[in-house]
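Below, subunit A partners subunit B and then partners subunit C, in two separate complexes.
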Partner chain A sequence: MRRQNHVFAKGKVAHMRILKMQSKFLDVFLESLSKFGNLYGPTHKNGLLSYNRLENISDLVITDEHPMIPIKKLFHPMQFTMMNFDEKGFTPDYSKIEKRVIIGVHPCEIHSLLILDDIFMREPMDPYYAQLRQNSAIIGFSCLPTENSLCYSTDTDIVEEGFDLFFVNLDEYFLVWVGSSLGHDMIYEREEFFDMDVSHDDIQKYVKWRQKKNKMFKKSFEFDSMPDIMELSYDSEIWEEFAKICLSCGQCSMVCPTCNCYTVTDVFDVTNETRGRRDRFWDSCMFVDYSLVAGGHNFRASRANRLKLWYGHKLKTFGKDYGRPGCVGCGRCVDSCPVDINVLTISEALITKEVPKK
Partner chain B sequence: MTLLEAIENPFKPKAARIVRHYDLIKDHRFFQIRHIDMKKAMSFSYNPGQFIMLSIPGVGESPFSISSTPSRPGILELGVRRVGKLTESLFQKRDNDVVYIRGPYGNGFKLDKMVDRDLIIVAGGLGVIPLRSILYYVLDNRDQFKRVFFLYGARTPNEFLFKTEFFQLKNRKDIECLYTVDKSDAEWPHATGVVTKLFKNIPEIDPRETTAVVVGPPVMYKFVIDEFLKLKIPKNQIQLSLERRMKCGIGKCGHCAIEHLYTCMDGPVFTYWDTLHFRELI
Partner chain C sequence: MTEISNTKLAVAKPKVGIYGFTGCAGDQLLIIHTEDEILNLFNSVDIRSFVMASSNPIEEELDVAFVEGSISTEEEREHILKIRKRAKILVAIGNCAVSGGPQAMFTGDNTFEKRMNKVYGNVNFLTAPLEAKPIDAFVEVDYYLPGCPISAPQAFALISRLIHGAIPESYPHPVCHECKLNENRCLLLDKIACFGPLTMGGCGSACPNHGLPCVGCWGPNDDGNFEHHLELLESFGKTREEILRLIRGYGGHKILKYIEKGGK
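Up next is the complex of A and B:
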């Protein structure tokens, strides 16, 4: 598998501060971050791993597993009130915005936020996303590949930006990348935990860790060639084959960290006919009414066309100005789709012409 | 939260008053609206072909083409078909009632490609609503353009929009207006047949010096574009406006995506050359 070296491809130089912290200090250090905002991170809730507000630092679950619902939910909430209205008009509701420190964010999640930034932060900026983003610190953590991890294929297993601190777990200690001025303030708060001297042994250990990690991936796909393959396969009968089995359930959109689509609904207060709220909800282009306009014309009535749009955004281009496709290789579509339509089966089928039979 | 309040929220619609309304034909109503804030009303600038998002609190928000011309500032004109929940509610509104609007959105027609050229404007059905904007813009700045041809086809005389205005235009010598209906009746004074039949009345043109514009129902585009191509008009000099479902108007909600483009930001006006690169249908 050919991989681009991102550091050189982007013309970037690693100029970040890298420090060392003994593992025994981790909980105390993370607890100290509450000074910078309410702590959030993955916890076990109702038997599922999900991002939640941390009541206690002991609730935090740092693991290689991904929360089922990606980090987008903290920036592009599943449902929230955009504005309240009354006889005087509309008033924006910014009550969800608070200072937050989000702990335990994996590299693919950080990459997904950088992609969502391209959509929500481009002019005119979405003030809800922008404010949630600007008020949140990202404390990243390294992870090792799980069953369906594809981030080696999508080149999103490593991060160089998009975090305030990033912890690489080398067992008895962490290497800590300081990615922002705020991150530097956080370190400064508990300076005594950090060792400025990174030895040659540490470097050796880090290199070994990366080599080990790179060998652990069980699955891969032709991400680099997919834009061309998608273009060449636009009229392929493969899409119809997948359309026959797709349930249009939209689960792929809910679990995909770069699905940004939403719909908007007005709701009157129960007791009032002039007051109410305008709410935003996640939507999915897999739903049949996604492109339906008043008068009854549906621009994407066929399921195959909806699949092409979804996979076009993930594997070909996502937005005119953004060079890369949306897939960050988290593997959630592989975990979640009830009928096994995912970036692996789609890319394999388009290349081999074989639709996997169940 | 003071900083937040200072931020212009692009989703927050502004109050506007219905100045006047009347029915164009059955279930199609013309509205003139004006921002209540007079400064906003006078400074609201737009291009022909752009659209606004119109809200009725509690009912929702939808995109509407602007039918007035920016050369006559202050009042916005819309042509609305009663077709869904929001328009049903809009039809209950009376003069002086308040609605909420934000915009303008989209790119609009490429005026720089029309100046000093012959212009062929082709409208089908409701497509005449956004095209009325460019039509009046051109007439208000008539010296900027060479010959102007306006072709409009409706299904029946009863479905022909802006009949009085457009019939009057026929008296003008500086614009060639050609009207047709698919099915005529005894009183209909103009042509009968589909809009493409009107092309035979267009005199010889220099295709390199001509810009063509078409807006109509999805089924119409192919046939009209074929006529433009027969006239040898280059594909990048054919402009068309596309309809899509929209929720935000500013490239965030995803609904109007055509592959990697957003109709609300990258359109709704595209050249035929642009659309040739789309794998999806118009």
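Up next is the complex of A and C:
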């Protein structure tokens, strides 16, 4: 099933153009994109990859590794002031919204944005997410699988939509997919870098690259059968077993590209009880107060129920509500959980009924 | 500020007292050092007693008392009982007031007399020394603002709610929440004994931001998985005694209580 995409629907071209660019032109071309907005992309920050504003194109790090915190941080900011209020009403704070060109976005990240679009851009639309999204160009880049990549299992290793330009690295040159009219404008600006004739040899090389890539995946899981298995395992004792070791640290939610929950808090001005601001920040269903409601009832006080909800969203329930489960196979939960609770160990345990030993 | 709100505040300025007992006074200092907010605070409330800022305290009825430090002398014990009687709301601020602080490291191990004697010998004290304990060992505490030192955003979020009569919001999340938002690599992945998951957040993951493990100074995150976290740290090669000693180092008596109970 193809998802309807509100952002790119307008700019989508009927037949996607594919061009060729010699690798030596890459930096100059990417630098030229600053005409379309402030450049963002993965950079090294304290020894880790992190999406940030690029001061210089040389700060950009294009690699097969993903930044630890996914691209959602550029559209669904970790913490920000939503609005200021006083006795007369409120004024939304849209000061973070600017024209941006985000470079170096891997296929799983693009898939995660398409899922977040389904959540934040259906009515009632989230104005912060929508404006950040509408003002950002996505320059995708291919990657090869790393240690914990699972995108082959989740069918998110290739993108057909959700980008303005997409670069596939074939060593001495790139094949460049043009995904929107904005992408076309970007190419048009520096036409001299692009070769319009993609030869049969180029296609052969691309096919070989796909085959090589497909063989590189070290890990896989039964993503397609997980919705059924999750349904059958609702009362499984496996959840209790994982609950014994889960630290409820919430890291899985922060690093998952499709976790999108947030909470808000009102901070009152010290001088005036009717004045203040509303702050919003990322939340996680792994935290105990997430399902706490007025009157003190907690729908998911137990760790087992919290885990079941989280994995339900990643492996099952999103399918019913949004067309597919939430996991995009980036492998971040595998990289990040200090007690090895992740889509691999959960799906394996639900199938074998055994919690994998470390 | 508009004229209207000035009149309104002049009518009902809440009476506030800020007190310091045994500790480094860092939490009172932090309040004074919040240049953006301190004048607003002094305009919005009637500060009756704040010895660090003014040497003319007025010791009368209070709407809110903020109390820093642990209780470690008989004189302090008597003073905190008096403050409690005079204050409608009492807030413990900082690690020493909330958990006892480093000075309470060995509290409750039955060696107080021996340790006292070893350090001070046979002296006459101006006021009888007590084994250092947090404020709630003596009086009822309405709100806790943990930290070493407290966080300015948390402190002012609480202060503004209390003086405007709004209900304060708790923040029952582990240090790991802010740590991940600060894009730090989890120290547990490198088998470093970090207490982040057991510890209440609010510090902005101050220690892990510098590659150092959390020592638990904000006190227990009551949703922590105390049992399994200790097993995890033991799997890193630490003995249980070493782990408990590390926790005790920052006055983590409240964390230890959760460990004894095996969680909630």
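What we mean here is this: the second predicted complex is superposed on the first by the 335 of 358 C-alpha atoms of A that agree within 3 Å, B and C clash if a C-alpha of one lies under 4 Å from a C-alpha of the other, contacts with A are read in each partner's own complex, and residues count from 1 in each chain.
Following the convention adopted for this analysis, contacts are C-beta pairs under 8 Å (C-beta built on N, C-alpha and C of every residue); 3 or more make two chains touch, one makes a residue touch a chain.
Every value quoted in this text rests on a predicted model; they were computed, and no experiment measured them.
Contact with neither subunit B nor subunit C is seen for A:106 once the two complexes are overlaid on the shared chain. Judged by the touch definition given at the top, the superposed model places A:332 against neither subunit B nor subunit C.
Residue contacts after overlaying the shared chain place A:299 against subunit B, while subunit C stays out of touching range. Of the two partners subunit B and subunit C, it is B that touches the larger number of subunit A residues. In the superposition on chain A, contact is made by A:249 with subunit C only, not with subunit B. When both complexes are overlaid on chain A, the residue A:265 reaches subunit B and subunit C alike. Common to the subunit B and subunit C contact sets on subunit A are residues 265, 267-268, 273, 276. Residue ranges of subunit A in contact with subunit C, taken from their complex: 45-48, 50, 68-69, 78-79, 244-251, 254-255, 265, 267-273, 276, 281-282, 284, 287-289, 303, 336, 338-339.
Contact residues on subunit B toward subunit A in their complex (touch as defined above): 1, 4, 7, 9-15, 55, 57-62, 81, 83-84, 86-87, 100, 218, 243-245, 247-248, 250-255, 257, 259-262, 266, 279-280. Across the complex, subunit A is touched by residues 1, 5, 9, 37, 40-41, 43-44, 153, 156-157, 159-161, 163-166, 169-170, 172-174, 176-177, 180-181, 183-186, 188-189, 196-197, 222-225, 227-229, 232 of subunit C. Against subunit B, in their complex, subunit A makes its touches with residues 82-83, 85-86, 89-92, 94, 97, 119-120, 122, 124-127, 131, 231, 234, 260-268, 273-274, 276, 278, 283, 285, 290-295, 297, 299-300, 305, 308-309, 312-313, 316-320.
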